[in-house]
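What follows is a pair of complexes built around chain A, which joins chain B in one and chain C in the other.
Presenting the complex of A and B:
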């Protein structure tokens, strides 16, 4: 009864939401614009050395990263030599961590003894401030791309393991046994029934791991690097080039915003079939 | 095929021993260079030395102090803000554009600026960790206040209570389970950010100790330091979980879970 009411309420809410995407933007944009204008005004009025006006940073940002010719999609050479490798490492590290996480999580769900044996390690990984693994990753793989990819994968893997194991274990037994009565092969049962049933929790784990991966790539970038965004920021900071530092910080911030936004988009698309959308479960 | 509690514990011990034995074997046989990884015995010896050393205890105190200050600051700002945004749907909608833009920005990304303006001491750690820890506590406060049973609010109104009294006597207690679980996330996050900043060059703290051993090439102490940091995180989780259950034993959400 309650779920039904909830369901109707959510559907109504969704209808209301969908009807006015423009209205949604219209009510959300002003706060952002006002905040930017306030920053601009305050920075111009009080002129502190460390907080330059917003639009000066934007101008520098454009010069640093977006000054390339049209053939390079307007991205500057600095973007290609310094930012692209960073983004590539982030993507490879996260994908590696996610794939391994789903695999290990599935093994844990199917083999309870293995799960119990790995539980201390997984709990340790979940509560460890993962950036602390950086010196360890560097000792293992060195400072180059390999070490960073390993570091990101190692930090992003834990929430995926936990989400996958919990999702597979908590699957509705009626759904699983009725699927089993269809005489499906184990592989089909796993891919077509169990994984989709577990997908909300797997998605939740992946979501946490995306944020972790973005944090970790920034940590790796700022820790004793010789190339990449972090290197540009740190050298600007050492030369007291405040605008240059801000320009790099903006790029890192943008990386966080874009990764998060992309994940939300993918999640909405993938989870569209779900009867109860994510918002309603909270 | 559920395992009993004793079986799970047993297998947990087996897992830890297997992991340590693997470490010992791959390093002792030279499969993994001893400069990349210590043997399990070396790591445990270093751990035993580390956790009783004065340097480490001071570092631990510095890390915990910075994390707690950051958490207090984030709650002082986040809970009142969350109450305001939770009571007024319009304010929440207007602010959401700003919140949704700022929240995905990792606080660590601001470190270079924070170093320029605040230095590498306690102030910088507290400022950045508080910024990171603000979101969970604020967003769960918003959710909690918004989730308050409207019947209770109406009942309060029929007692002719003012909106401040309603907030204090109805909305805040009703939101408390949410606020506490958000605060728990905030504490963990503050610890993560503080340790990270120390690793990246902030003065004092566990991260600073690990960084120094890493620079000196002492992998045994680096691994021991990571082990200690993880155990600290586990301990913090346990303490916070206990506090949460102690504080919230009256709340319907927790009573249901206890049954």
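Presenting the complex of A and C:
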């Protein structure tokens, strides 16, 4: 296919894309509505304390998290005292893990000997279920935020290391030659060429690490904490407050969706140069 | 004689390969000359270019650029690769692709802007500065790549089959663009091509490479008058003779290597 026809294909694709959000909703909405209705019906028909009706959970959710005044953006005090710390730890831990992961992954790719030396360690870290390290993280960094941030960073770092190293090593040799022929300074070569060239794999690593981070913050908060969404869920459960537990779980689900959604938004912007031509070829 | 590029007994062997890819290559290029390099596929033309441009270290011999041995990519040499889709950076617009090496060199913003505009205009891309490579046709992308090399003001422009990935019409446009740039800037050009017509049409001299272990099989002077023209020049009897001679040489070369094999 010539580039000219690719261009036309891109434009056609973009037109299609603009009309598609409604279509997507039309496809996805019915299943969701049916699931919610089934839940609601089943829960009212077979009354069990552990499986409350969907809309009771929604009502509780609203009361727990969205009952604040307008000055607080309608978010409740509980949101500020419990959800915000969770989100903060998650963000700091993930960013720390991502930055360290890109740094270590780059060192591994650029220094083959170091890479060979570190490989068993990276494999070990990759295959170790990070939740198992929680007691150790707490022993080293204590019960406060530091321990959880470290724990999240520790879980998020591995896919980023592997993605970065693989991306840098697997770069197209023609692109690298082309960059070398331009006599770029080492910093420019790395930041403006090598990292963008590796970015598809780096982004894949980051995507996996976002999910790992969301999972780990909850594990950490269920285990030991005095604030946070995980803490809210555990304390509700200990008080036999089933609705409260569900309300926390819903907030977690929402947090996961928002994190992934934000990631996709950023990815679509940053990786535009890769996504648009690829979609045009379909 | 004033040589810009001197290739002296250049040899290259890939690690663990049974024989040299480049055996003993020896030729020189004069200041302002337009030299094409042709040869059978697998002769190691790209390897030769990489050695001349300092991207690959030869395993024997040397390349002198303006009298100095080259060991790493030099700002005196600009390279245009065959595959523009891999040599341009798709995450940068046309003007940023051209500006990146200038910025890396620490030039002032004004000078960068001026050089970028000049380079893009000289390849006929004024007004296309903000486009990304993937929003452009193949010919336009290759022109961005040429502009990027030109903006660095190289003394030698090395082109590795730059017209091989575009359609015929775009190809002859690009050929004339390269000739125009060569004439206007007085830059020395080394063009690798597998197209006999293109080699004759463009060059002052053609270097014909043998099969591996590669050496210079023959060189051919092309004394067609300049400026050349796609129709008139190619219509002359001289062009036909030169074309036939080059064709014969390459066929002989192939037959000879088939006998040896």
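Going forward, the second predicted complex is superposed on the first by the 255 of 282 C-alpha atoms of A that agree within 3 Å, B and C clash if a C-alpha of one lies under 4 Å from a C-alpha of the other, contacts with A are read in each partner's own complex, and residues count from 1 in each chain.
Everything that follows uses one rule, which is that a contact is a pair of C-beta atoms (placed from the backbone, for glycine too) under 8 Å apart; a residue touches a chain by one contact, two chains touch by 3 or more.
The model shown is predicted, which means the values in this text are computed figures rather than measured ones.
By the touch criterion defined above, A:181 reaches chain C but does not reach chain B. In the overlay built on the shared chain, the residue A:127 is in contact with chain B alone; chain C does not reach it.
Contact with chain B, but none with chain C, is seen for A:28 once the two complexes are overlaid on the shared chain. In the superposed pair of complexes, A:273 makes contact with chain C only, with no contact to chain B. By the touch criterion defined above, A:172 reaches chain C but does not reach chain B. More residues of chain A lie in touch with B than with the remaining chain of the pair chain B and chain C.
Legend: residue contacts after superposition of the two complexes on their common chain; A:37 is shown touching neither chain B nor chain C. In the superposition on chain A, A:192 makes contact with chain C only, not with chain B.
Per the touch definition, chain C reaches chain A in the complex via residues 50, 53, 55, 73-75, 77-79, 81, 83, 86-92, 100-101, 103-105, 132, 134-138, 141, 148, 152, 167. Across the interface of their complex, chain A is touched by residues 1-3, 7-8, 10-12, 14-16, 18-19, 35-37, 93-98, 100-101, 104-106, 108-113, 115-117, 143, 188, 191-192, 195-196, 199-200, 207, 210-211, 213-214, 219, 222-223, 225-226, 229-231, 233-234, 236-237 of chain B. Residue ranges of chain A in contact with chain C, taken from their complex: 2-4, 6-7, 10, 172, 174-175, 177-185, 188-189, 192-193, 196, 199, 273-274, 276-277, 280.
Residues of chain A that touch chain B in their complex: 27-32, 35, 48, 50-51, 112-113, 116-121, 123-125, 127-136, 138-140, 211, 214-215, 218-219, 222-223, 233-234, 236-237, 240, 242, 245-246, 248-249, 252-253, 256-257, 259-261, 282.
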